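Pasting a structure here, questions to come.
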């Protein structure tokens, strides 16, 4: 462990352009409202307004960023008061924004990559009758995501957190006439909600302990809290992060989420939303620094997921699912880094940023391929697309080289640092991270071989073609980003992020590569070589039925669905039917038998009503005699 | 303005409207009823505002021999409930605008004309308003029981084939609860006259020291009535049956307004009058509440009928409210009050959208639907928004309520909150699974045949108002929160419990 | 004169009225038995008045008389209408109100 | 108290016996009228006891209201229901009579025990002081003093009872009123359906020597119009409706007329007229027969 000198930066009050940071959220929200309420009338210009939602935000984010660069370092964290959300008793929540180095980076990523993907979507969704609605949901997502990253407290973050979950749900099941899409959306929402329990519980604990969920106040107060509860908060936040970032054991939804339109997969399920978990952990680093158990748990989750994702990615034939597995795996790297502490926090964000570019690039590339192949996603039906889709191939290759970590592309720098930091934290983590890198190289090579190289295996009647310029343009921009961001950010990122993520003694230089870096590179080249050698051979058009257990498990999402089905669906279903039975037989049965008993007793007593008034009179007199007797005997006694 | 008995006017207005609407036959009567409900809304809104600045309370001797008063007053909680009532009633009337039309297959022939529905709904509204405004236990009881009659007739008059049985079940359950409460009421009288001041005034009863053993019995009597009203397991079974058979408009009046009397009464009477007994019973009540939460959620998941599903979600949500009330913190009690308001809107929205579906399809069975989104996208969207509010998505009113309940309760009963928070996942399941089965996929032939039109203007207006309210109170909950906090603070000081301080969890 | 004697006379008359009401089927006689009971209680009240030395008992008896008169008017009208429709004045014949 | 036989005591023992006897008679008599008379006797006895108990106002009221008004009403009702009906004394409900006697005896015992236990006995205060300003005035002071509102309420009660009696005994018209138009329509409908004569009923027959409703009118053929006399008279055998009876009177009149004419003007047509009348009668009878056969 590094000697820790916890330094908590107090944000300063907003001035100048920062006062309008709320517009980052309000503008896309307004666009959403317009697009949803205007109805069919806005079909013709809806997509343009939608793009304006993201681009406008990007411009504002850039302006804020420039403003921040121009500010002195201690004053870079800015608090933007907006309004009070709710105050009840001891619970008080304000809806204020925090614009600091971390959140502005996220804002730039979300709006920047978002803008590109929006542009791409104009082409991708051109023939969809509901394109306007699509853009409305995308804008909703942008608004929610910015709420998430700009919030200055956990409660507002949670609102954004659930907001992106909702947008994700809506977009995954965008083609909801397909049952698989509807199911996938529901699954994503529910698994995310399981993760949300963690965030909720963390907030409850914070309220009880500190009376506030404000980042700054929590950071200040956390060191005074009981150690057990600090660990508990750490674990709760980890659960939340697992849900949102598709980490083991809450990973099962991400692969299904590929049912959504490809731009959605690129934006939400690769570049931005799924990394919110990493953001949460980095944002809460003050908590994790005080609890070894929780940060160790974060690292374990990260490592397990990076290997699990790589495993899944190596076995799938569906190009989007390979990329999804890869996303899981890369986020595993980020989680690992985030768990390391101040040494890794900045690297986690660094990798998150570069990953946002190269993974979005590859997803959009995959979308371009699907566009060409008539929405087929099975890589066994691809092959030799390099010739017909040169632009797509070129940009995809850039992403490929970036993700496997070939210097001097982005992935090399960002992943390398994580491996090194993990090694220093504990050699086991370092070794596993290196192995992960090798597997990454293998499955990405596999993807390249099966899709762009090799022989034609196209289905009949398919005539692939290059995508239109509106789709290729963003690909090129993202490819350039994938290529150069590593070098550009390498030296700056740690310094830039130091205030919000904690200081770290390392000084980085882009030309300095430690021995772990060379070892990783060696393993990567090995992975590429294996991939090339294996998939140089002819590939069957249909997936083989019998495969070895490793591949079988990978293809079935690590059997997570089977497990969930068995435990939660079957078990929960049995529990629910049990309760239903109890409701019907015991609870309502008691009511019914009471009713029946009353009716039966009434049937018996009814017989006493003979209709003879003289009999009634007799009974009455008898009653009078009894009462009189009781009274008189009572007096006698 | 000080001398005008605004509260009496507010309460009487719908009752007068009901009489007029009974008299005017047919659709003209319906229009009259709707007009009166709007007028009541205006007056109710005015009362809501005036009560901020001035004390509208009114106390007149009613039966001086037994210390009964005609006493009305509005505190924070009552204001919220008055607002809820006056908003929901016009919406219900607008929803049941054409309930004399025989083409609605799910509604077997109505027993009475449409103006009678309007009149009965106004009666329910008037009685409910008096219930919420009563500052006298006897007066409260009178209107508490009185509100059963028009609602019973509403169930008998309009709805499905087995509505008479459902109405009877509703009536018997409510009467059973009410009569137990009557016994407790007499007990209260006995206790106050033993203390030398026979009275039914809430404020005066609260000031009297009641023998703890007697107070526990009295608490149990009141609580039983309120537990039946705010359906808690195991006395909830009347609600799903009723909701399934009655028209959605009736169910909205029932679940949205009348059932709130249960939680309302728990705060005002159980906590307000029998503080010590409430604390004595709190552990058991909280366990029952948690059971209700899960029971309702699981039953909603297994429901094959949309109306039953909505009813069971309410059972679950009422469990949350009771949990918040009996956690005894300002935050949780105020959260419960806020949740009462929010749940009124969200359950109304759910009943209405399900009603739109049922009116088109002629059935509420989930299996009779599928792929409706294709045919009626606006309906699907409104269902989704209502459903998301029901599952407590942040940004909707329900979240603010649920969240503050759990935040407050966590300080006292962390384990129970850990358990009950899981129900939010179940909420997601029952809402989204229902949405998936009803709206997604490809529509079947039969669905295509039946569901031919999307929401019309009237329907859009109704659901639009509710969605607006849900979002308004979701994004700006502080309006509702400040109202409910006053009552919560007063109740806590009445209970004599200090709000837990920061740093304590589970009383440590 | 011992007031108890009057009261016992009243009790005897009342009991005879009860017997008459229970055993006779003719509605008119049953009704007359009820009148007999009223008279018996009147006697008790007058006696009480005599015992206590004020006139409240007599006033009570007076009220009973008034009410009895009203009762007789309505009761006989009912008997008549029953007789008109059913051609019988027997109380046992009017036993349709049974289970 | 000095064991002196006072007037009060004498009155009590006499009228107590009479009252109990009247009461027993009331429940044992089989004829309602006798019961009513017994009850009236009992009431008068009670009135006398009231008088002995210093209650002159009630003495008068008892006689006027009960014996006078109430019992009269009973008797009126009895007349409508049937004065001379006799009730059967056989009990129809199984075990009812025995149970009644037992329970009533129990009731009586309880009452007596109650009286004895209550032990009002001893010194009666007497009403000399209360009746000082007159019994009626004393009662009036109470009735129009503290009991004013109850008294007003009883007046309303009596009013309502009166109206109730009127409403109850006033038979509800079950069919619509038959007016002239309805009756004419019914007659025509009957004519259309059965051929019944739509005209008014024929008037009874009249003779110079007799103007009576028991004489039926004769149709032109000498036969009897049965519908011209009341069926009640026919049943009682007062009216003469047979053809023969009528014809004989007719014939006798004609025969006397012809004989007188013969005697005055010295002709002898009696034989011829008699034969002619025989022929006519024969012809009428034949026609009646054929008509009757035709109707069959």
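A, B, C and D are the chain letters, set down in written order, and residue numbers restart from 1 in every chain.
As a working rule, contacts are C-beta pairs under 8 Å (C-beta built on N, C-alpha and C of every residue); 3 or more make two chains touch, one makes a residue touch a chain.
Predicted, not measured: the structure shown is a model, and the values here were computed from it.
Engineer: Out of A-D and C-D, which chain pair has the most contact pairs?
Structural biologist: More C-beta contacts join the chains of C-D.
Engineer: Could you give the separation in Å between the centres of chain A and chain D, each centre being the mean of its C-alpha atoms?
Structural biologist: One centre to the other, that is 101 Å.
Engineer: Report, in whole Å, the distance between the mean C-alpha point of chain B and the mean C-alpha point of chain C.
Structural biologist: Those two chain centres are 55 Å apart.
Engineer: Report the inter-centroid distance (CA atoms only) between chain C and chain D in whole Å.
Structural biologist: 25
Engineer: In whole angstrom, how far does the Cα centroid of chain B sit from the Cα centroid of chain D?
Structural biologist: 67
Engineer: For chain C, write out the residues touching at least two other chains, lowest number first.
Structural biologist: Only 18, 22-23, 25, 92 qualify.
Engineer: Mark out which residues of chain D touch at least two other chains, giving numbers and ranges.
Structural biologist: 93, 96, 100, 103-104, 107, 111
Engineer: Among the residues of chain A, pick out those that touch two or more other chains and give their numbers.
Structural biologist: Residues 610, 612, 614, 618, 621 of chain A each touch two or more of the other chains.
Engineer: For this assembly, give the contact graph shape among line, ring, star, complete and other.
Structural biologist: other
Engineer: Which part of chain C faces chain A closely enough to touch in the complex?
Structural biologist: 18, 21-23, 25, 30, 91-92, 94-99
Engineer: Where on chain D is chain C touching in the complex?
Structural biologist: 6, 8-9, 12, 16, 19-20, 23-24, 26-27, 32, 35-36, 39, 42-43, 46, 49-50, 53-55, 57-58, 61-62, 65-66, 69-70, 73-74, 77-78, 80-82, 85, 87-88, 91-93, 96-97, 100-101, 103-105, 107-108, 111-112, 115-116, 119-121, 124-127, 129-131, 135, 138-139, 142-143, 147, 150-151, 154, 157-158, 160-162, 164-165, 168-169, 171
Engineer: If you look only at chain A, which of its residues touch chain D in the complex?
Structural biologist: Residue positions touching the partner: 610, 612, 614-615, 618, 621-622, 624-625, 628-629, 632, 635-636.
Engineer: Would you mind writing out the residues of chain A in touch with chain C in their complex?
Structural biologist: Per the touch definition, chain A meets chain C at residues 606-607, 609-614, 617-618, 621.
Engineer: Quick check on the complex: what are the chain D residues that touch chain A?
Structural biologist: 93, 96, 99-100, 103-104, 106-107, 110-111, 113-114, 117
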